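In structure tokens below, several structures.
What follows is chain A paired twice: with chain B in the first complex and chain C in the second.
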Partner chain A sequence: MNSTGNSGRALPWALVTPALGWTLLFFVLPFVAMGFSSLTSHENGGFTLANYSQFFSNPSYWQAMVNSLQVTAIVTVVSVLLAYPFAWILAEQVPERWQRLALMLAVLPFWTSYVVRSYSWLLVLAQNGVINRALTGSGLISEPLQLANTRLATVTGFVHFFVMLLTLTIFANLKQLSPSYRKAAADLGAGPVRTFLHVILPLTLPGIMVGAFLTFVLCIGDYITPQILGGNNELLMPQLVMMQIGRRGDFPLASALSIILMAVVTIAYLACARWLKIERA
Partner chain B sequence: MSIKSGNPLSVLKRQLHAACAATALLLAAGSLAEAADLNALIWCDHSDPALLQPFEAANNVKVNVKEFEGTGAGLAIVEQSQPGDWDVMVIDSIDVPRGVEKGLFEPLPEDKLPFADLFPQVKMDGSTVVGGKRYGITEKFGYNTIGFNKTKVDPADMQSLASLSSDKYKGKVAIYDYYLPVIGMAALAIGKKTADLGEADLPALKAELLKMKANAKLVGEVTASQTALATGEVDILVGGGEWVTAGLAKENPALDFSIPKEGAVLWSQSLAMFKDSKNKDMALKFIQYIMSPEGQARLATSSCYWGMPSNTKATLTDDQKKVLRFDEQPGFLARAQAYPAPNADLDKKMQDMWTEMLQAK
Partner chain C sequence: MHRIVRIASWIYALAVYGFIFLPVVVLVLFSLQSTSFPIPPFTGPSLRWYEAVLSDRRLTSALVNSLSVAVLSSATAVTLSFLSAWGFARFVLPGSGLLRGLITLPLTVSYLIIGMGLLVLFNWAGVPKSLLAAGIGHVVINLPLCFAIIYSQMGDHQINIERAARDLGAPEWKVLLLISVPVMAPAIFAGFFLSMTFSWDEFVISFLLTRFDTTLPVEIWNLLRSGLNPKTNAVGSLVFAVSIVLVVFFELTLLRRKPA
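What follows is the complex of A and B.
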């Protein structure tokens, strides 16, 4: 009886051990090492809090965080606004037999390299790129617009990627909704708009939040897109982190900046989790 | 024989022997392979097969390369490796002392390298010689100066650094994203010598950098700034030089560079040998090859970027010499100033100033 009880308790631990080991090895230990590094001096290796105080005392560093938050907020909101109707059309308007093909077409951009996609956008947005040529060719503008190497370019590159990600998340959420909700709403006299606003949208909000949080996390930590498309006309946090490593090899400061970035992501996660908890309650 | 074969213990023993023999063979082969390998930490110009293959074929060796950008990143790779993992390293000439301070480099035998054939101004003894011993040899150099499209700008304007911040070229400028050479150019623009820069000069340098930024469309690393100039996104590259224009000369002969009247910043890269290299003879052969007239010509015209060979006897063709403006080098070198070589404290302040410039609207 006892041995059965012990083995019963041991089995879940045995099953969870690989995942725990993986997390410990590839997340907890590197994170502890990074935390330790962030508290050491680049000059002499001694203990210091200077790496953290630099972030708060240097307006350029602080500005990088502000830029990151602004860009991430814009990308998240625009991506949700574009992805929701797209997912809704896919789930509700496209016949079931075509949905698989439509989804495949939606994720087609994921099949190319992230770096290649970013450089492709540079070609599209450049002074001699597709958009400017079309606009000048049609006589709508006389001088090319500066589209590449701007925040707009960074946001465009991000949105292109995250709309697809959010579409998948929201689509899955919409497909899980029972048709009974609509029928019940209609039975109670609600029209399509009212049904959407008061029934469908609230029920899909958790899916939107999860997708938005995923967008937030991936966007705020991304180095490639702002580096290629932003033209370094403003720095975001990942660029600031990389800058500390390039020539000076200042890993302690880079670690401190990374931990601050991670703290912001954690706050966003807690806010998201709290909202979902309240929503469910 | 057949009885032995039938005995399970004998079969096991035989299989064990065979396995041991195979393992020994593999280990031997592995150590042989190791002996025939050369591990090089390099910049992208050294990964060109046209440069490496003649050396590999002549010496029956495989050159394993790992590219890096920035001395900090390169030294971090070394710190995360086992002693002896690396044999040679390409490094900014001004950063050779950083490797020496960490105890990484082996002194180079001057008598076995063609120092007499180098352009005298690029030997960089101030940084490649530490404590009386030479730890680095300059293999390639060039200028951080003004790269431009001569069909889009007035070449006469490109003879002055003041043009970089003039309204005439607003929005037509890109800045190379490396703070040391561009700060050096800002120093030249305000009449300071790069070798004398100190903390007191930072406010004036910052003002000059902000003037350049106000005219700039982008601040880009090597590929981005090169692409911007080549595609016509910008007409001028601050910090550009032969390393941008020479490699593109065939496709885009309109690209050129100038050494303005205020001067230009001399960049140079060195080769160093690791103290813990397990293959010092081959490492020295590699350095000798790179410094040979043939190796120098191949390195100077590498597919990643072109640059001047430090060996005056490099076997470049006439066309290659023309593109690199080989014959004008004595005049260029006379007007060029060295990279700023700040101490760690000033270096940090310069990088922070650069960050401020990047964040400026």
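What follows is the complex of A and C.
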């Protein structure tokens, strides 16, 4: 921009090359390696498409993908439905000067690692954990419920995390709306319910979609929550991938399954992007 | 009508806060348990499980490992991203948009897949599993984040100060070190502390890429095999506390930027 001469041309490249090099070497190249690996046979190292065809022919692999998609869909919908009213309350009902604190508190547990967070839920949901003790203690049930090691536990652990994430994104979205929209709707005679349904909700929909997509991506790729909370009763895709590495050291199959998982995320992204564009038009 | 909405809002908000804090409160409360099971009834308070954690050599060395990996990988990520952000913001480079896109690309891929890719590559290249390998992975996930933060804070108003320094005869490296770094310090620290939190909490990449010497989240994972245990509560609470401290630093560095 403001540099001339030869040194001015070499310098900018010297600045950006380390970061680009790191990304190429430790992100792009591993990805290529994974691609090659997925096309080789675990037994003899020769070229094969078997790792991919196995996914389609083996019903248990296929089932893992179905489970993953179901869990992710449930988590995304429940999280959005829980987080939206919460974010709305924080943005509209809480006095302005308390909002920052209220939001910070609402996302505080967001900063624990997946491992610690999932373990904490295990404490809550265990056979003799807090919830079962409270329920049996109050006489509502006589036998403790099987809460841990179920799909419900996995979904609960995920929803806990994504409610916080979505509260953040939806809150930011609601705060960005100019108050003049609401005034204009009120001037035109719309009550609070109609203003919300016809003005606020449609205007925050693109933001919700971004949050929902983020939820989808992070949820479908997570190994820890289903492994700790869901146990091995039903496998999700990341658990299936890790099983190939852990038990059998089958890198080619693990690579192929990872690539299939990424392909699904990419398809979701394309679908989402198209939907967002229609929404904006 | 307004009153009803207000009351319903309060109830709903309290219920969600309850849901959000339930596991954390249970975790911390039963870390103070004096008996051997972190389940009701509460028998504490006692610090015996914290003592057990601090006298466990595996856990303390994992803690040191986690901190070193977090500090070194965050420093690397911040340095690389600051240099490249400065390059992209101050000079016209061919294909700049595409190259910036490449740097931020890892943000869209799950940690599991980034870890898998590195595992396959390192396995093929004969690089042994180690903390260094995990640290390399942590730079991969934090570099795009730091880049996004620092690049977005490189406003045009800073160009004038840099230009003034150049007019006064400062060579390019002096402009970078003595002008740009101090001016950008809040963004640099924000990127650093955010990277620290992510690296400190990261599990799957460390799990895949380390073997004997490992990080704290992986060591906690190993503890989980013994089932529910107040010692796990204690170490989990400690991890949480460190994360909160890092997040507070991050918030403070971002807040300090605002009045400027």
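Note that the second predicted complex is superposed on the first by the 255 of 281 C-alpha atoms of A that agree within 3 Å, B and C clash if a C-alpha of one lies under 4 Å from a C-alpha of the other, contacts with A are read in each partner's own complex, and residues count from 1 in each chain.
Assume a contact is a pair of C-beta atoms (placed from the backbone, for glycine too) under 8 Å apart; a residue touches a chain by one contact, two chains touch by 3 or more.
As the structure is a prediction and not an experimental result, all values here were calculated from the model.
Trainee: On the superposed three-chain arrangement, identify whether chain B or chain C touches more chain A residues.
Mentor: Partner touching more chain A residues in the overlay: C.
Trainee: Let me test your reading of the model: by the given contact rule, A:L82 touches which partner, first (chain B), second (chain C), both or neither?
Mentor: A:L82: touches chain C, not chain B.
Trainee: One more residue to check, A:F31. First (chain B), second (chain C), both or neither?
Mentor: It touches chain C, and chain B stays clear.
Trainee: Kindly classify A:S60 by the partners it touches after superposition: chain B alone (first), chain C alone (second), both, or neither?
Mentor: It touches chain B, and chain C stays clear.
Trainee: Would you sort A:A126 into first (chain B), second (chain C), both or neither based on which partner it touches?
Mentor: both
Trainee: Which partner does A:R248 reach: the first (chain B), the second (chain C), both, or neither?
Mentor: In the superposed model, A:R248 contacts chain B only, not chain C.
Trainee: After lining up the shared chain so the two structures overlap, which partner does A:N232 touch, if you call chain B first and chain C second: first, second, both or neither?
Mentor: In the superposition, A:N232 contacts chain B only.
Trainee: With the two structures laid over each other on chain A, which partner does A:M164 touch: chain B (first), chain C (second), both, or neither?
Mentor: A:M164 sits against chain C, while chain B stays out of touch.
Trainee: In the superposed arrangement, does A:A263 touch chain B (first), chain C (second), both or neither?
Mentor: A:A263 contacts neither chain B nor chain C.
Trainee: Once the complexes are superposed, what residues of chain A are shared between the chain B interface and the chain C interface?
Mentor: Overlap of chain B and chain C footprints on chain A: residues 122, 126, 128, 228, 245, 251.
Trainee: Which residues of chain B touch chain A in their complex?
Mentor: 69-73, 75-76, 171, 177-180, 217-221, 224, 227-228, 231-233, 344, 347-348, 351-352, 355-356, 358-359, 361
Trainee: Can you check the complex and tell me which residues of chain A touch chain B?
Mentor: Those in contact with chain B are residues 43, 58-61, 63-64, 67, 122, 126-128, 146, 148-149, 227-228, 231-235, 240, 243, 245-251.
Trainee: Looking at the complex, which residues from chain C come into contact with chain A?
Mentor: 5-6, 9, 12-13, 16-17, 19-24, 26-27, 30, 38-40, 80-81, 83-84, 86-88, 90-93, 99, 102-103, 105-106, 108-114, 116-121, 123-124, 136-137, 139-140, 143-144, 147, 159, 163, 166, 172, 197, 200-204, 208, 217, 220-221, 224, 228, 232-233, 236, 239-240, 243-244, 246-247, 251
Trainee: Show me the residue ranges of chain A that touch chain C in the complex, using the header's touch definition.
Mentor: Of all residues in chain A, those touching chain C are 1-3, 7-8, 11-16, 18-20, 22-24, 26-31, 33-34, 37, 82, 85-86, 89-90, 93-94, 104-106, 108-109, 111-117, 119-124, 126, 128-130, 133, 160, 163-164, 217-218, 220-224, 228, 238, 241-242, 245, 251, 254-255, 258, 261-262, 265, 269.
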